[in-house]
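The two complexes that follow have chain A in common; it is paired with chain B in the first and with chain C in the second.
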Partner chain A sequence: MDYTLDLGAVTRNMGPLMDGLWVTLQLTLAANAIGVIAGFALALLTTSKLAVLRLPAMLFVEFFRCTPAIVQIVWFFYCVPMIFNVFWGPVFMGIVALGLNLTAFNAEAYRASIQAVPREHLDAGIALGLSPTQRVLNIVLPQALRNSVPVLLTNGIGIFQQSALVAIVGVADLMYQGKTLATATYRPIETFTVVALIYLAISYPVGQFVNWLERRQSYS
Partner chain B sequence: MGMTLDFSILLLFTDALALGLWTTLRLTLLCIVLGTTLGFVIGLLRSSGNAVVRGLLGLYVELFRGTPVLIQLFWIFFCLPLILGVEFSNFVSATIALTLYMGAITSETFRASLRSVGREQMDACVALGLPRRAQIVNVILPQAVLRAVPTLLSNAVSLFKESALVSAVGMADLMFIGQNISNNTARPVEVLTVVAAIYFVIAFPLTRAVTVVEQKLLRKFSA
Partner chain C sequence: MADMRDGSALVEIRDLHKSYGPNIQVLKGLNIQMMPGERVVVIGPSGGGKSTLLRVVMGLEQIQGGSVRFGGKPYISAKGDKTVIDTELRKQIGMVFQHYTLFPHLSIMENLILAPRKVHGESRASARERGQKILERFGLGAKADAYPSQLSGGQKQRVAIARALMLDPKLMLFDEVTSALDPELVAEVEAVILQLAESGMPMMMVTHDMWFARNVASRVIFCAGGVVVEDGPPEQVLGDPREERTREFINRVFHIKA
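Let's look at the complex of A and B:
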């Protein structure tokens, strides 16, 4: 190959990349805050006995699970301003779009762990004369939360990686800054490799932590 | 809101959308087959093989699992030709990128299912005096592959969805054509909603099927 590597092209321009990383982290953290809280509420709705609550909640979950994230994001950025006549900043739009996606995936995680609470525990609750509310709050909730932590974290890193999609609609995240830099310096190899390694440096440790957590939970 | 929706505009573009969908499906199916095969081989090598091979393959798997698929596509589309000094068509580049991604996630599926075959089975093989080859080919592999089926299917559905990313590097798949129509007609609400609906109509039944297969297998293993 007649291409000489010049890492200087990237190291001289770490400023914009770090700005981008900061935007990526903001998107990730805010979307996770939405997903962890709204996901639980949505999971309760999808396990509700009332069809009026259950069906729309399930439709929401299935819509986000069964369409590509990039379609959701492009749809959101083009259509939400037109339909609802609202004009938010790009980062805020990104947070809401990613947050809604994560809400759907987290709801599935919560639902699985709500259903995994052993039947006997609920029977024991009835035998002890606990009210339905007490059974949900003191038996189902603590176990469901604890059991869903690994999947919530996995989904959380998932959204960190998916957040790169907002670069396509012009949000100045890490991916976007990388693309701009690669074009401006004609150094795609160095730039895209460094950008990929930055993503890896964050998702790998979290992934290892999830593995450790899962091993620990499977022993207990 | 001062807008009226007119979905009939899409009737003008059914051929273009069908062509895009065909590209999406062709790419997805090809990468599912190639990626699953690659993942199977890598899963096996990572469960045996020597330490150097295991280390290198581990690096590959972590690289593709730990970075956004979008950057993998950019890397294969823009960097690989520079490194190799060869130009690839869009379709070939997309196939390489998605196959490598699918291979990485699928190898983890196989590795997990190989591990899930109980230790007792191995002990039983030893007690029966089965040769090493028979232990693997007749006892461990069939069980491991069967256990991997639900996750493999859900990996395949994921790949179908991830394939929409190739639109970002200029390949004329369903998403790319949808975005072009949306820009040219200035009717994003109608066009993008229909594009989303097409993906949904394909992915939803498949996702359901995965759940059904999973429950069947669970019953089979618990029986």
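Let's look at the complex of A and C:
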């Protein structure tokens, strides 16, 4: 292969890549805001005793867990405007699509953490005279929320990586800017390598932080 | 005669039936009358319904038949498919479990004062003061700000006892509270229970430790097959049982221990 690496083609054009990274970060943070809050509400619904609440919530979760994220995003971008006659900006659409996906996965994280609280703790709560609401607020939720943090962070950084999928539907994120730059400069190797390294530089520290957090929690 | 004693019994269990699912009958018409000040130790083979009995008295289980009175008042009864439990009476009973049930996200002191504050609306300062006294009485005065993960198993069980006592229970239930402990930690927990016994606390407990049973009990009940087989003072039930099944059990247990 007769190819001379020219990283300058990328470093001279970091402006668009940084613009793309900013969009990617916006997508990630906003989708996480949705996922952390709505995921919790959804988890409460999936653990409800009432089938009217539980079944639709479980259907929602299973739909997002059992279809590829790329199909969800493409479906959302093409079908939602046509079905509901709403036209939002691409970044907002991306946030909602990624946010719904994360909501489903976070709901599972919360549900698992709620169910992981030992039954004996609830028995002890009854023996201490706490009401059902007091048991949930003082025994179940504090433990469940604490245990769910590592999974929420892992899901959250996962959505940072998945967000690259919205480049396909024209959202000007990091991946999209990389594609554009690679085409314009005829430098796909340099460009996509740098793009990958940027994703890595952000994901890796968060992953390490999660590892540290899990180690710390397992000692306590 | 039974009717005369009804009014004064602390706990009166009548014809108690409890099953898990349609096929597993654990309690099959169990009767116990516990008088105030008594320390009842329930012994018997595994699966004989001992722990279930305690859980029923704590109001943790649905029952399929019979009733429990507490302090002379109706406490638990089976009404058709439903179990009716008087949750106000339930608050007068404390329980310590086999497995550690301290809440790991709360410090020792916070474990102690949670229920007094939430259930009785006691002020934080007053609850803390009482908590500190109980911890000191149990040799745990320095552990108020520690977290459960920093304690040994024996310390955790002593805290669990202290936590239950914070609510001034009229009856304490101990369900194999030393079974999960390393042998060298058993004595410190048993010492705390003996201390409570000497202070006159009524208690009902399940234990496999026959030495301890003999020391703490004012009365021993041998439970097998979901019914009371023998019921009497410790010297009789543990020393010279009248029933053949009790005798077999006692011989086996003491044989293993020797």
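One rule holds for everything that comes next: the second predicted complex is superposed on the first by the 220 of 220 C-alpha atoms of A that agree within 3 Å, B and C clash if a C-alpha of one lies under 4 Å from a C-alpha of the other, contacts with A are read in each partner's own complex, and residues count from 1 in each chain.
Note that in this section a contact is a pair of C-beta atoms (placed from the backbone, for glycine too) under 8 Å apart; a residue touches a chain by one contact, two chains touch by 3 or more.
Worth saying up front: this structure is predicted, and the values here are computed from it rather than measured.
**Student:** Answer with clash or fit: chain B and chain C placed together on chain A by superposition.
**Tutor:** Fit.
**Student:** Look at A:V71 in the shared chain and tell me whether it touches chain B only, chain C only, both, or neither; answer first, second, both or neither.
**Tutor:** first
**Student:** Please indicate which partner A:A41 is in contact with in the superposed arrangement: first for chain B, second for chain C, both, or neither.
**Tutor:** neither
**Student:** Touching A:E62, do we find chain B (first), chain C (second), both, or neither?
**Tutor:** The first partner, chain B, only.
**Student:** For chain A, which side has the bigger count of touched residues, chain B or chain C?
**Tutor:** It is B that touches the greater number of chain A residues.
**Student:** Examine A:T193 and indicate which partner it touches, taking first as chain B and second as chain C; both and neither are also allowed.
**Tutor:** The answer is first: A:T193 touches chain B but not chain C.
**Student:** Once the shared chain is lined up, is A:M82 touching chain B (first), chain C (second), both, or neither of them?
**Tutor:** After superposition on chain A, A:M82 lies in contact with chain B alone.
**Student:** Which of the two partners, first being chain B and second being chain C, lies in contact with A:I168: first, second, both, or neither?
**Tutor:** After superposing on A, A:I168 lies in contact with chain B but is clear of chain C.
**Student:** Look at A:I139 in the shared chain and tell me whether it touches chain B only, chain C only, both, or neither; answer first, second, both or neither.
**Tutor:** After superposition on chain A, A:I139 lies in contact with chain C alone.
**Student:** Report the closest approach of chain B and chain C over their C-alpha atoms in the superposed model, as a whole number of Å.
**Tutor:** Minimum over all C-alpha pairs: 16 Å.
**Student:** Which part of chain A faces chain C closely enough to touch in the complex?
**Tutor:** 118, 120-121, 123-124, 126-130, 134, 138-139, 142-143, 146, 219-220
**Student:** Show me the residue ranges of chain A that touch chain B in the complex, using the header's touch definition.
**Tutor:** These residues of chain A touch chain B: 1-3, 62-63, 65-72, 74-75, 78-79, 82-85, 161-165, 167-168, 175, 178-179, 182, 188-189, 192-193, 195-196, 199-200, 203-204, 207.
**Student:** Going by the contact rule set out above, which residues of chain C touch chain A in the complex?
**Tutor:** 55, 58-60, 87, 90-91, 93-95, 97, 99, 101, 103-106, 114-115, 118-119, 147, 149, 160, 163-164, 167
**Student:** Taking the complex as given, what residues does chain B use to touch chain A?
**Tutor:** 1, 3, 62-63, 65-72, 74-75, 78-79, 82-85, 161-165, 167-168, 175, 178-179, 182, 188-189, 192-193, 195-196, 199-200, 203-204, 207
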